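In what follows, structures are represented as structure tokens.
After this come two complexes, each holding subunit A, first together with subunit B and then together with subunit C.
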Partner chain A sequence: MMLLRAYLPILILLALLAAIPLVVTSNTALNFVVFVLIITLAAQGWNLLGGVGGQFSFGHAAFFGTGAYVSAILQYSYGVNAWAALGAGILSGAALGWIIGFLSFRAGLRGSYFALVTLAFAEVLRILANALPITGGAAGMLLKLNIGFGNLQFTSRGAFLWLALGFVAAGLLISRAIADSRFGAQLVAVRENEDAARALGVDVLAVKLKAITVSGALTAAAGCLYLQYFLYLDATIAYGVWISVEVLLAAMVGGRGLVLGPLVGAFTLHGVGDLTKQVAGGIPGIDLAVYGAVLILVVAFAPGGVLGLIHRLLSGLTRPRPAKEAQ
Partner chain B sequence: MLEVKDITMRFGGLVAVGGASISVPQGSIVGLIGPNGAGKTTLFTVIAGFQKPTAGKVCFEGEDITAQPAHVRARLGIARTFQIVQPFAGLNVRENIAVGAYLRHARRADAYALADAVGHRLGLGADLDKPASSLTVAGRKRLELARALATAPKLLLLDEVLAGLNPSEIRDIIPVIHAIRDEGVTILMIEHVMQAVMNLCAHVHVLAQGQMIAQGTPQAVCADPQVIEAYLGKGAAARIQAQGAAHA
Partner chain C sequence: MYSFPILLEATLNGLLTGAVYALVALGLTLVYGVLHIINFAHGAFLTGAMFAVWAAFTFLGVDPYLAIPVLTLAFFALGYATQRFVIGPASHGDDGNILLVTLGLSIVIENGLLAVFRPDTRTIATNYAFDVVEAGPILISQARLFGFAGALVVAALLWLLLARTDTGKAIRAVAKEKLGASLVGIDVRHIYAVTFGLGCATLAVAACLLMPIFYVNPRVGQSFVLVAFTIVVLGGMGSIPGALVGGLFIGVVESLTGLFLGDSLGQIGIFIIFILVLLFRPSGLFGARA
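For the complex of A and B:
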């Protein structure tokens, strides 16, 4: 019963998203959904570390870009199969997560210091990727168009949407499982109060390392998907500040630390952004201005994000009943 | 059970604790008292593993644990509460206690069942679904105790769990502490509320300015001139004695 209640909203949302290619034929619309799903996946990674664990990263581009580059280089320079390259990309994200975590958490970095260090890692990687020959330097890398399931390239955008949705679904299930586990409880405890967690036997360093490793893997997977969809990569795309900001915004706007937060946040943010672009199409960068405005509104009026707001409204409507939905 | 040997804790030029030793036998309630700033809490943080002592040893059940970090000591069976309560403010009471329960229970259902049981036992039954931040001071003190108990400790370090409570709340909680001891948990407590110390502790250590100045039964310690001087100032013991003689 409790299991059903926890997983039901996830299943409904996934079913709705999976039905999109069956009813929508517009390429623009499908492009939009695929892109937002990729952002969602990357944001799920951020949300685990930043939302659940309270370790604010400002450099998740490091994982996104590393996943994408590892996958691209393996395919481009070594002719590795795309699926295997995808797996390697995800693993590289996990490994990088562990390394960054080991270096910064062991040194006791928290809060804005941790955020700055992650930003520095992403920037160093961006500069390296822009200069090294193996990443194609500033010219970037263009993957050969070679459509086929084995190459992770599809003619139909709908098929890719399902692939991306599969990853997002996996991300949701992982997040849900973590939220209900001992590891999840300890991660939240670390976010709320490290000393108290330590006193209760929580190995704070180990918990943080586990979180940043899984987080890096999820965000790296998003980088790999981005590569397979657009088949092009350069340093500004892979390691640019844009993706670090995107994932952070999506998780915060949706509802920091909540399982569905990144999904809801990414669609809200990009929905609003795209709508503004349609309405005020002539003004360049108007969607970015809207992002900023949305973030300010969320921080000021809905610290729990869109989901927190919905929850508040719902519990306001059903106030007379005794509050029993605390799970 | 717990042997603290010649602990010295130095912060720069300040000696917070100088060569303090305590021995806590299995199944007892030992009190640690002393004026403000004596170094009691510092000694606690050293025992719980939050700070490495400058010198000295901490032994638990015969093993030297001086080098073990706090979370390992918790696993060994040492639980502490904080003088300044440290609830997980964003979580509800049940979830707060469950973090402690997870130490010995990997499954969510087990941890939550234990959390409920401990919560009820400490009189937090009605508050289990409330956010920890909504509790009163007395409630938060109980929550500190509940979380520590949920880790199933062998040794409980209580840092002023009664401070800030009113007399009736203190009367309520003293039997709870007695019951915990009767279940086989050894307790070392820092306490200012002398009524509680007299009531609970068989043995008391007195720390003043980082030095152990006296130990013994609560009655003996309270009559110790050195202890009286530590609390009331130099010469106070003689004055009190003179007054006592005059009255007699």
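For the complex of A and C:
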């Protein structure tokens, strides 16, 4: 019964999303869903570390870009099979996560310091990718169009949607399993009070390292999918600030630390963003300005995100938040 | 590999650029020292100030240097209001929330500017932009010398304000012990807002000194603020002399890495220093505490 209650919302949402290609034929709509699913997957990675573990990374682009570039370079320069390249991309994200985590968590960086160091890692990678010949430099890399299941390229957008959805489903199951596990409980303890968790015998460093490794792998997988869908990569796409911000926003807006948070958040944000773009016409940046405002509003009025709001509405709870010390 | 005058010129140029970096970092370090948060919207405020200088020159014909007093006051007010009415209330006193709110602010400001001014890069053409001073074998841009002098003056003024005035004393008190300060009758929310206002005011000065020699577009603040983060961490978070020395140092590092590795890798030296300092000496080279 418990199991059903925990997994039922996930299954319903997945079934609804899987049905989309059967009823929707508009390429624009399918593109939208695929893109948002890729963002969701990347945000699931951020959510595990930032939402559940409370370690705010401002540089998840490092994982997204590394996954994408490793996969692209293997396919482009070494002729490696796309599926194998995908696996290598995911592994490279996990490895990078472990390295960044080992360096920064062992140095005791938290809060603002951790946010800054992740940002700096992403920037270093961006500058390198923009300058080195192996990544195609500033011109970027264009994968050869070669449709086929073995090459992870599909003529039908619906097929790619199912592929992306499969990854998101795996991300959901992993997040759910972690939330119910001992590791998940330890991660929450680290978020709530690191010193107290340590005093209770939690190996804080090991828990954080595990979280950032899985987090890096998930976000790297999203980078690989991005590459397979758009077949083009440059340093600004792969390591740009945009993706670091997107994943943080999606997780925060959906409901930080919640299993369904990134999925709900990504669709809410991009729904609102696309609506704004249509209403405001072609004004550049207007959708992003709205994202920023949404982030501030969520932090100010809905710390539980959209899912928190839904929960409050459903349970009819209107009790005010306890007043905290004014800042 | 390079002759002495070239190295000397690169170092000198680095020092001049570094002074402006230091000016941007001063506001950041002040806010960190008092509020103990990193203001991610710092770069966006700088971009806003640079657009204000551009607009004043283009539409009203106001010289950037003459715009300093008015713009500084305006940005003090803007910063004060932002902290008092947006960041403070929205973050419920939680550090993680402040981080997110300032990130949200930076996204709103940057993209708001993008929506209004479009992504075009703009410059202003003053008739003194290319004046130079001769110093032996090398030529120094006069506008950059002004920038250097301006940064030193602002640092001195800030230091005087903190050391010699009642407001400065209150700011230092809040930075050290928030609860104690409020117990002796200091309005902590007011002091927070004043500090944030001061941080924005230094940006207005920086923008006025920068515009005669630099360009502006909606993303320009990002490149400065990442450098400013590095300086603040290097100099010790919250330390004003640290920001000044750190700024000059980083300016020279950038100029010399640019010379040896080429322009596209010029900034990588900065980030590597940044990561190394964060990992091995997070209290900075001059700071006493983490």
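Rule of thumb we're sticking to: the second predicted complex is superposed on the first by the 316 of 327 C-alpha atoms of A that agree within 3 Å, B and C clash if a C-alpha of one lies under 4 Å from a C-alpha of the other, contacts with A are read in each partner's own complex, and residues count from 1 in each chain.
We adopt the following convention: contacts are C-beta pairs under 8 Å (C-beta built on N, C-alpha and C of every residue); 3 or more make two chains touch, one makes a residue touch a chain.
If you're wondering where the values come from, they're calculated on a predicted model, not measured in any experiment.
Q: Check the residue A:Ile296 against both partner chains and state whether it touches subunit B (first), subunit C (second), both, or neither.
A: second
Q: Mind working out whether A:Leu11 is in touch with subunit B, subunit C, both or neither, as first, second, both or neither?
A: Neither subunit B nor subunit C is touched by A:Leu11.
Q: Does the superposition put A:Asn130 against subunit B (first), subunit C (second), both, or neither?
A: second
Q: Which partner chains sit in contact with A:Phe58 here, subunit B, subunit C, both or neither? Use first/second/both/neither.
A: In the superposition, A:Phe58 contacts subunit C only.
Q: Of the partners subunit B and subunit C, which touch A:Arg198 in the superposed model: first, second, both, neither?
A: first
Q: Pick one for A:Ile286: touches subunit B only (first), subunit C only (second), both, or neither.
A: second
Q: Who does A:Gly111 touch here: subunit B (first), subunit C (second), both, or neither?
A: Touch partner of A:Gly111: subunit C, not subunit B.
Q: Is A:Arg182 contacted by the first partner subunit B, the second partner subunit C, both or neither?
A: After superposing on A, A:Arg182 lies in contact with subunit B but is clear of subunit C.
Q: Show which residues of subunit A both subunit B and subunit C reach, each in its own complex.
A: Subunit A residues touching both partners: 326.
Q: With touch defined as at the start, can you tell me which subunit A residues reach subunit B in the complex?
A: Subunit A residues touching subunit B: 180-182, 185-186, 188-189, 191-193, 195-204, 323, 326.
Q: Tell me, which parts of subunit B touch subunit A in their complex?
A: Touching subunit A: residues 48, 50, 69-71, 74-75, 79-82, 86-92, 94-95, 98-100, 102-103, 105-108, 111, 129, 147-148, 150-151 of subunit B.
Q: Tell me, which parts of subunit C touch subunit A in their complex?
A: Subunit C reaches subunit A through residues 37-38, 40, 86-101, 103-115, 118-119, 189, 192, 218, 222, 226, 229-230, 233, 262, 264-265, 267-268, 271-272, 274-275, 278-280, 282, 290.
Q: Could you please specify the touching residues of subunit A with respect to subunit C in the complex?
A: Touching subunit C: residues 54, 56, 58, 103-104, 107-109, 111-113, 115-117, 119-121, 123-124, 127-128, 130-131, 138, 241, 245, 248, 252, 283-286, 288-289, 291-296, 299-300, 303, 321, 324-327 of subunit A.
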